[in-house]
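Please find the structures below.
First subunit A sits with subunit B, and in the next complex the same chain sits with subunit C.
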Partner chain A sequence: MIRSDELDRSFVQEVMAEPGGEHLITCWSCGTCAATCLVRRFDPSFNPRLILHKAGLGLREEVLSSEEIWQCSACDLCYPRCPKQIHISEVMKAIRNIAIREGYEPPGPFPEVDEQICSGCAVCTRACPYEAIERVTKVVDGEERTVAQVTKTLCMKCGICVAACPSGAMNLESISDRELISRMGAGGWLEKPGYLQGGAEEPRILAFVCQWSIHSDREWEKIRGLESDQLRIVNLSCSGRVDPAMILMALTKGADGVLVVGCKEGECHYQRGTYLGRSKVALLEQMLEQLGIAKSRVRFAESGSLDRFLFPRLVREMVEEIKASVPVVA
Partner chain B sequence: MVDAARHPNIEILAYSEVTKVDGYIGNFRVEVMKKPRYVIEDRCNGCGECARVCPIEVPNSFEMDIAPRKAIDVPHDQAVPLVYAIDIDHCIRCYKCVEACGKLDAIDFSQEPEFVELDVGSIIVATGFETFDPAVIPEYGYGVYPNVITAMELERLSNSSGPTVGRVVRPSDGKTPKSIAMIQCVGSRDSRFMEYCSGFCCMYTIKNALLLHQTYPDMDITILYMDIRTPGKGYEEFYNRARAAGIRFIRGRPSQITEDPETHNLFVEVEDQELGEVIELEVEMVSLSTAAIPQADTERLSSVLALSRSPSGFYMEYHPKLRPVDSPSDGVFLAGAAQGPKDIPASVAQGSAAASRAARVLTSDTWEIEPIVAKVWPELCISAQGKKCGICAQACPYNAIIVEPGQPAQIIQAKCHGCGGCAAECPHDAITQDHFTDAQIVAQIRELLRENPEEKILVFMCHWCSYGGADSAGTSHFEYPSNSRGIRVMCSARMDQEFILEAFRRGAGMVLVSGCHPQDCHYITGQQVAAKRFSRVPRTLERLGINPERFRVEWISAAEGEKYARVITEMSEKLASFDKEELRAETERARPAIEKRLRRWMMTPHMAPFLKDEEEQEVEKEVMA
Partner chain C sequence: MGKLNLAVYWASSCGGCDIAIVELGEHLLELAQVADIVFWPAATDFKYDDVEAMEDGAIDVTLFNGSIRTEEDEHIARLLRRKSKVLVAFGSCSMEGCIPSLSNIKGIDYALNRAMFENPSTVNPEKVLPQRRFGMPEGELILPGLCNQVRTLAQVVPVDYKVPGCPPHYEQVWKVMTAIIENKLPSRGGLLGVDSRTVCDQCPRKREGKIRVERFFRPHEIVPDPDRCLLEQGILCAGPATHAGCGALCIEANMPCRGCYGPPDGVVDQGAALLGAIVASFEGKSDAEIRQVLSTIVDPLGTFYRFSFADSFLQQLKANPEEAGRICASQADGSEEEVEQ
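Right after this comes the complex of A and B.
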């Protein structure tokens, strides 16, 4: 039971005094944000409505010490739907700012910088949607060098920096290059001959799918069920995490087509991820022509929060397009 | 409706529009445009032969456009009067209806709009409401997914005289749905659209649910709501009945609806607040309980009748508690949802109340009005000299002033409510207000600033809000400095710029003008007239060499005693920070320029004696002698 003296009335004022927290008190807990939230679809312990409600009640310690407040990635899918027009991600930021001042830290793991390889080129700094990477000058192996450094309180673990780093100095545990490549090739999938090489009856598709672009964990289950000899699915933290080198590798091996699926523009879970992913694929397409690989073998597609059952159609379309437009070599 | 049509004292002008209203309480002259029906009312007997032969089908608005109607039709079967009308925009002029009408010869394509003038004693506005179009909420997919419909459409589908003869079917395949979700508060209680609660949707949704449950006992019915609001007599019992009947209630506002493209089934995602879990409902049909919104032509009619509107857009009553059926214009009354969303019992009650209020006017030989009204000095009005002006008429919120070139402005006293806006706006000072004349106010300014004016804050407050605010500061014992001096006028619109200048000429340390908040103005638009005028004051002061920080505008309601005390305290602190000698010097420097500006006003015959100090008057008397 919570006793009334545990409810800190001044906490509401504290949050509301913080930039972005002004509208906390207008929330009446309708739950639209909770039902919209993508994070919540995969992690039921996260509930933006409950965080706002608890903050409004004044459960100061419980809110500030919770891991949930760090999970909102400010995709702002809920904001335009909120009937009280509360910018929830901004309120979340306001609460986080208080938590940072109180010495709380978000839970890891965070991207790690291999300082011996990092050249301090700042590509990651520019790619990061959250301005969470800065360059610092420090002594590495007795030598003064400029290297990247991740600010933990800002990082949302999208992995865009990992894909951006030209020298492979960035690494994030669950979505490292090694991990993705092993997922691509598991069971010798990549080694089997493709349709274009005359080795399969149907084109074999490798799909990089942003985990947020698929509606729910239940739909993920359904999509996982589609996996076969013809279709391999590799889920990414964000379509911005896609690495053109991996696409090329797949195309030169047993994949006839590579499909990259990201969130709809404007709904990206990591703000700029879709834009980055699409740009990478667009650039790669130009390169493909020079390499003599048909452009239709790579495609970037967007899947919005209101698009359901879109993925099977995307795969089907791609299979048909490859069959229609690319001649079989062997 | 039929009873009304048969009543000897009731004349119904359907398919008509009020275009102009002149006159005042007891003596209105209303101009009504009767739209052409292209069917002669007296000859049509409502047999419907014409509609049977008409080859053109158009959407039937009575059936929420889910059924067709002919281009010649009656609005609905029970329409009063039962006279057909031609939808001329869609008619192809095949004249089959003329043939079908035969001997009755009721069809007349040469009809033009007809204007009728009516002399009436009082007017009741009962123009009703419209429903919100949910297509603007993309996440609910209305207009995209065929099986998402509005509650009004469901109402027509389940009505035995509706297009499906009472069979509820899915638009996608014509089959009766096995499950349905009803979503509450679509467009209402939503800052993006309508902030208010529409009030009656909870009840009609429960009614729809119970009706469906009776007809289709196996149907799985879910109502998704934020709050169920059933405050009327017997309403809670009705809600309990629905619960007992097995209707499922989930507290939560759905975030989105998605559709299975093959089955056209819908997935409604909602967080059940009690559980704290997101539920995904797969249903075959969704009904949206949409907000009640003001009629599209509310604004047009509000200017014809001089009515004010509340922030929600519905017509504003004179007083929310004490005069809930009166409009701000005497003799005009409000009934039903035109004044705000309400259900049938409340509409009937308000209709009866409005009728009896209107009858009071009709049965009276004389009508008492407030004594505080505006008056014109005809010799000063430049309109009388044939010049174009009419500024007073523009400022009047009640259309009570008639200005015709060559004639002095004429105030219809029965329409005037005494805000005094015209008196302050008149550039030639030709209008004054009984009981609040320029001379009386100037005399107050003079007396209040007689001693140590540079230490005083002169406060102009409106009778209805700020004066009440100052009063409430006193009765609530809020402490504030004692150097403020108040002058009460009826409305902030009465606060003439000349009063402010006169106060500074008299050396006032600071001047505060205060009135109602924009939406609370007792005189419809008085506050707006005042706010516009006050926005120009700081620049004027600057030009005259007076620090504009000595002037302040605040909107203080009668309940904001605390705000009044705070404003006075702040102003007092600011005043204390000024150097008194410097203030006096500033006044002396600005005095000639102010006097130059005020000269003509001071010279008006009704003003001159009040402006001068007694000493000056003595000197003048001597000189005259």
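Right after this comes the complex of A and C.
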């Protein structure tokens, strides 16, 4: 039960005075945002409508202390769909800014920088879609150096920095290199010979799939069910997390093709992750072509918010293309 | 303690690594007090026979530069491995293939054809192709055959240490020499003659940190600001994915790092790491924009793998390592057994 004497009516004004928060009270709680939101797939407790509604009611402490306000990644899928044209991620940002001032922090874990390895090369600060990494000059092991530092209140844990770091200094527990490599090779999948090596009936495909590019739980379940000796699926936090070294390593082992599935142009959950993913694959394709290796062995495919059950077709296409374009070593 | 026995050898190399040792200058005199140079084709007059006459393990340390491209390279690599207590892959060619291994992209037969017949500066109207054996009135001449693939030293024989660089910087060479003289070599298998972290750690340029570029320039297309990060000016710089050790030499000459010091510690494939770093450095908000930016990267393969192709995943994808040591098709005459000793 909400007691009216516990409400802080001034909170509405406080949010609206914050840049981005101006449109808080235009929300009429229709729930279109919640219906669109991808975060709900992984955390059903997240509901942008509810957060805006609570803020509108003046439940100041409840809103500021909740973990949910940190989950919006500003993918803005809800923005064009909102009938009141509220830029919800901006309202969310306004609420966060107040929370930061009040001393609240988003829940971890966050990417960690190994300061002994970090060169301060600025690759991660450029890669980050949220400008959540700064370079700071500090004393490390008695030596003044410039190293990367993650700003927790801005980080969305997409893992793009982990993939970008050229010296392995950036690490995020749940999607570390080690974690991904162990998922790729679990059960000895990578060690089995591929079709092109003359060891399998059909081309074996390794698929890196962005967790946001598949839009319903049922679809995920079905896709998971497709995993077999011929198909290994490794889900990524974002297609921008894909590591070119892992793709190449897989191809030198038992994978005949590597498929990377990411969000459609403009629909990336992390703003620019899909562009990073497709750029990496595009460059790999170019290099394979230069080498005279069929470029059909790597592919970036997009799965849009309106696409359903596209994945099986993508795999099938890749299998056919590999069979058509590459001579088999007997 | 008696004097150390040192050897230096060049396989398929440009000679730059030997120059890097000569560049030690007066240090060479210090070296001569504690060590005898028992074999160094670029500087001394010892012959292969002299090495063959040594007992196994008679050489304390051999610095082996150059990649393995010919039968002769491979033969001497095996010989020196046998005669040396410590074998060091010295310089980028020997460590990771370097520039010579770029010819593996098209294959050695293509390279031979290109060099002998197609090269605009080669005049060869009689279409002469070097053969491994050639009869002359004075007797038969024998040339070492070219192998299918340019290989690193470690792809042919076990290697104890690696010293990166094209060529290694002489100050690093002296550090390696000092470690050898003072018997302070670390446990086997590591890199010698490097500094911690990557070239960016030694680069004095200012990095703004948030600038992404919309196109890349080749070095001759732009005069870069000498104080700002080259990547942020759109020049492909391999610094972020290259081991520190050179002291950012090229960068101080306003040229981008090419990556000759090899991958940073723990990184398996330098080109893949560089590719990831480069992709993070440009802005493309649509497929069309990405294509536009990528079209300004001329020769991605040669750019990302300029020094490390022989030691890369792509090399493994391209060719079967079991075929690597065979004589290339253009020179195969069925006499492999005879020439190999």
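The rule is simple: the second predicted complex is superposed on the first by the 327 of 330 C-alpha atoms of A that agree within 3 Å, B and C clash if a C-alpha of one lies under 4 Å from a C-alpha of the other, contacts with A are read in each partner's own complex, and residues count from 1 in each chain.
Here, contacts are C-beta pairs under 8 Å (C-beta built on N, C-alpha and C of every residue); 3 or more make two chains touch, one makes a residue touch a chain.
Everything numeric here is computed off the predicted structure, so don't read it as measured data.
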item: Overlay on subunit A: subunit C relative to subunit B, clash or fit; value: fit
item: Subunit B versus subunit C, judged by how many residues of subunit A each one touches; value: C
item: Which of subunit B and subunit C A:Val63 touches, first, second, both or neither; value: neither
item: Partner chain in contact with A:Arg308 - subunit B first, subunit C second, else both or neither; value: first
item: Touched partner set for A:Leu172, first subunit B, second subunit C, both or neither; value: neither
item: Touched partner set for A:Glu131, first subunit B, second subunit C, both or neither; value: second
item: Subunit A-centred angle between subunit C and subunit B, computed on Cα centres after superposition, in steps of 10 °; value: 130
item: Partner chain in contact with A:Leu248 - subunit B first, subunit C second, else both or neither; value: second
item: A:Arg145 touches, of subunit B and subunit C: first, second, both or neither?; value: second
item: Least C-alpha distance (whole Å) that remains between subunit C and subunit B when both complexes are overlaid; value: 20
item: On subunit A, the residue positions that both subunit B and subunit C contact, one per complex; value: none
item: Complex interface listing, subunit A residues touching subunit C; value: 116-127, 131, 134-135, 145, 160, 163-168, 243-245, 248-249, 251-252, 265-266, 272, 275-276, 278-280, 282-284, 286-288, 290-293
item: Subunit A to subunit B touching residues, read off their complex; value: 28-36, 40-41, 44, 47, 49-50, 78, 81, 83-85, 215-216, 218, 305-309
item: Complex contact set, residues of subunit C against subunit A; value: 105-106, 196-201, 207-212, 229, 231-232, 239-241, 244, 264-269, 271-282, 284-287, 290-291, 293-294, 297, 299-302, 304, 312-314, 316-318
item: For the subunit B and subunit A complex, residues of the former touching the latter; value: 138-139, 141, 185, 189-192, 226, 252-256, 258-261, 267, 269-273, 276-278, 280
